[in-house]
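After this come two complexes, each holding subunit A, first together with subunit B and then together with subunit C.
Let's turn to the complex of A and B:
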């Protein structure tokens, strides 16, 4: 009996509750998903094993391919614009002392807003009747046509990405500036003596020294771009005409409008495999001695 | 002198660029406030400015028409329920991982790391079917369990990393006095670790208050919905009644703004804690 009350067992009893909750909510349904992606189940009838049929079907599915492409575009957008903005901003912030905290709070605050609220703000700003383009038109400035970019096929994806980016980029500013403050000031002084320009200091002192945080930010952007859902669903529901459809909304409508359990599990499984693939790449790089 | 002048010019350009960027972050949120106290007639002539006549009754209307007394109760129930369940289980686990040194705990840490990498879409449909079988659909308890599970890895890691710094001597002394393991947890570890519980609680509470996907999927009764999904329905129901819609959004944001004013540093440290650890 003593094994049940050994120090080690007691330690595990403390872990058990969290394991139970997490296993029930995340691990068990994920395993079910792994099994269901090989079936053609629709949620009600018999469950038939169909092998990799769902995956073959997926690779022929026009809308799925569109969604994959949109996720790639989304990832590329987030890897460039917010990172460039946040790096500049964090670097400029390190150069000032007065009001720095206030600036930081301003940049960070949108990150705390609920997706539904950010979406509502920008829906209003781009509203065809009340929004900024209409207002500019009424003042005689015909720069942009007064239509909502969320309802146009050409712009919907970028408009949604813009709103999500607006909400997100302040987060990057804060993590970059934390990294930049760990840089030893004497390095900048040395660079000053050498006569380095502002850009050279940034390129050769700041950037190499915040590399761990920089690489971390790239990793989370790649990982977080895959399941992106809220902004697309709230603003466009993937439309118009699938022009802003991403994997998550594709999966969601397959799952909850059509109850294609097998099919949507297949999409989920692919998303999972991709995420694990990305995480392991960064894991391997770390093992290889890339300080990340 | 030349250097000083150059610096000064540089400073001006720094502040200009930063101010413009900060305004793009803050002005849209200010606009939300302006529009929440603007009468409906004014939107046509004054879509972006401060309201000419202030109409606070937007809030009253929204509160009554949206039945927000019930909705805010729902959201608060979800936040408090999740915090109780999540902090209890994660606190116990974090304590054990930090101070009880269980054999094989590394395997559990890897499990949690894989757990945070799984996209929600991977498991949401099987979870939906499970919850239906268990009768947890359309219940707050069902959502509370989901939120506690989703946030468990984050909370466990954060609490563990705090408790790991506590000196072992503290616990050894209590053990000599005859305290059992559970007493070590709630008599010693818990009272001195309150800062990490506060930070974790703020971050998890914020996540639950703002959460959209699971609330959308697991609660369909309007009377049981939290504020995030009610606002989603509200936006299409009263599409062009901007005063009402904006007042609702401000009410949803208010608790966050107030808490953020008191706990800025904790929020920022908590939300970016993953980054500093790498």
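Let's turn to the complex of A and C:
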């Protein structure tokens, strides 16, 4: 009896309402959604069990494969460009004493904008008739052709990634700079005495000491890259010609345009498994003693 | 004691009489639209409620209606009157047993005689009437009449005339058509549908819809190839494929109204926006049917399309009252045309038998001509088929989404149509085809 009123149990009682709500609105629908991947449900009528048929079809679907590839490219882009840029800017900002907040605000500002606003801004900038390149061309400056990069299959994915990266990198700057301020100043003084250059101080002092934050940022980028949807949907809807199609847009189109809810659940299941896999890797690394 | 008895009797009498004379409430969920909602409320809801004392019609305007409606219907809830974006949704709801058959009401009120035959047939599933059309549309070709007159150009009616006038327009430094797909990727299906009907002919499209022809037949591959040539090689729409992808509703209307393009291929839902665009211009616009692109010529065909449908929820407690609401609409051409005129005939154009006399005096002559000519032509059987009204869901998405792959040069027209036929075979096997009235 006493076990129900022990200190540990009381903590569980406090968390129980939240757990119950979470179970009802997140866990249960997610589990049901996972179960749907083995059915041919169209979102309306009877649910028929079809075994792994959705998965066989999926592995034969050239546009699904294309979407997987685009998600890989997307992840690689976000693991390199915004991180490199944010690390550099955060490190340079730590050396600025006057007006640093202004820079931080400027870098962080796009992150505060709703995705629809960010997308509209860049859509108008590259508008073929009224955008910046068109205006430059009208002034006789033909540096950039007046063609929207969102409408060319060669550039659409990178153009969308650029806009999303533009909105996202300021967030990285803020979390990196927070980590950098926690580094003990005496370590930099010691490095100065040893005659370390600015790059060496960054490489051998800053980077190792912000490693937990750095690894955390890598983890969230990998995880957030899997369901990426809003920027792609608003800017290109996965086109032209599937050139910017990603898993989430493919899933959405299958579920809500084509009424293939079972099939789209199969896509969701694979995305879920991949996420669990990534989280597990970081869990194993933590067990191995990595500070993450 | 006597007083108490009187109070008791009065109370009982009040309750009984309230229940006896209480109105039956009929709920209707409609997609929210800030401009349209007050008109619906004033000219339909208030008018219906004032017309009788038994039923209280209540329209609730919802953002993202499809998702909310589906969730409600699946849980046995939802409004009495169910509004969907088209027959493909009706098919899914009907198959799932979520709609009531309106066959009995149709016979009782004579709806089959009130609605245009093709639109009535589009609501017949498994031999019974399940959905009534709330609005119909068609694809047309708008042109800048003043510009055409100034340059001595004629409105094309054949392929050679079409390509000839297009080259003259381009030579004059303008785009042939203003149009674009940004914000609404399925815009491509407007063009594919026009070319399929115009090049292959509505009879062949009908045969393919009912399975007597394959989409891989040369009439259809020829149509898609011609569209590919005009779109990619010739840049008919907004100058280039990239521009077509980049322009949206406001952009292409502005382009058309400002002589950036001489023509515009679009649905009749544009009437209001086009009239507004030309309001400050000295130019005049007009419309014509899309030219016949096949050899031998023929009368132009108007593509049939239903914009929105209305049905009765299977779980409705008041289906009789809901049917009375429908009958009020189908029996009141004046109410329908009055509202449609307020929406510039882009909404609530219920497919009834309109004549020129029914139409309000202030309606523009172009729109008036369209309504009358559409009714006459479709009455004679000169009509074609839009993809969003007659194609099942999967092929219906394929026709526009994978069109981009053809335009990108990543797949041949033959392979595209082969994939399309495969999807039709699958849909036919699964019983997913939508109703098509006999031709």
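Here is the rule we go by: the second predicted complex is superposed on the first by the 272 of 292 C-alpha atoms of A that agree within 3 Å, B and C clash if a C-alpha of one lies under 4 Å from a C-alpha of the other, contacts with A are read in each partner's own complex, and residues count from 1 in each chain.
Operating definition for what follows: a residue touches a chain if its C-beta (ideal position, glycine included) is under 8 Å from a C-beta of that chain, and two chains touch if they have at least 3 such contacts.
From a predicted model like this one, the values you see are computed outputs, not experimental measurements.
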Room on subunit A for both subunit B and subunit C (clash or fit)
clash
After the superposition on A, what does A:22 contact: first (subunit B), second (subunit C), both or neither?
first
More subunit A residues in contact [subunit B versus subunit C]
B
With the two structures laid over each other on chain A, which partner does A:4 touch: subunit B (first), subunit C (second), both, or neither?
neither
Name the contact category of A:43: first (subunit B only), second (subunit C only), both, or neither.
both
After lining up the shared chain so the two structures overlap, which partner does A:267 touch, if you call subunit B first and subunit C second: first, second, both or neither?
first
Determine, under the contact definition given at the top, whether A:243 touches first (subunit B), second (subunit C), both, or neither.
second
In the overlaid three-chain picture, which partner chain does A:258 touch, first (subunit B) or second (subunit C), both, or neither?
second
Please work out whether A:277 is in contact with subunit B alone, subunit C alone, both, or neither, and reply first, second, both or neither.
neither
Touched partner set for A:153, first subunit B, second subunit C, both or neither
second
On subunit A, the footprints of subunit B and subunit C overlap at residues 43, 123
Subunit B - residues contacting subunit A, complex
10-11, 14-15, 17-18, 21-22, 24-26, 28-29, 31-32, 35, 43-44, 47-48, 85, 88-90, 92-93, 95-97, 100-103, 105, 108, 111-112, 114-115, 117-130, 145-146, 148-150, 152-153, 156, 181, 185, 206, 209-210, 212-213, 216-217, 228, 231-232, 235, 242, 245-246, 249, 252-253, 256, 260, 264, 267-268, 271-272, 274-276, 278
Footprint of subunit B on subunit A - complex, ascending
7-8, 10-12, 14-15, 17-22, 24-30, 32-33, 36, 43, 85, 88-89, 92-93, 95-96, 103-117, 120-125, 130-132, 134-135, 166, 170-171, 174-175, 178, 198, 212-213, 216-217, 220, 223, 226-227, 229-230, 233-234, 247-248, 251-252, 255-256, 261, 264-265, 267-269, 271-272, 275-276, 279, 292
The answer for subunit C against subunit A in the complex is residues 70, 74, 88, 92-93, 95-98, 182, 185, 240-243, 245-247, 251, 255, 260, 393-394, 397, 401, 404-405, 407-408, 410
Seen from subunit A, its contact residues with subunit C in the complex are 42-46, 123, 126-129, 147-148, 150-153, 237, 239-243, 253, 257-260
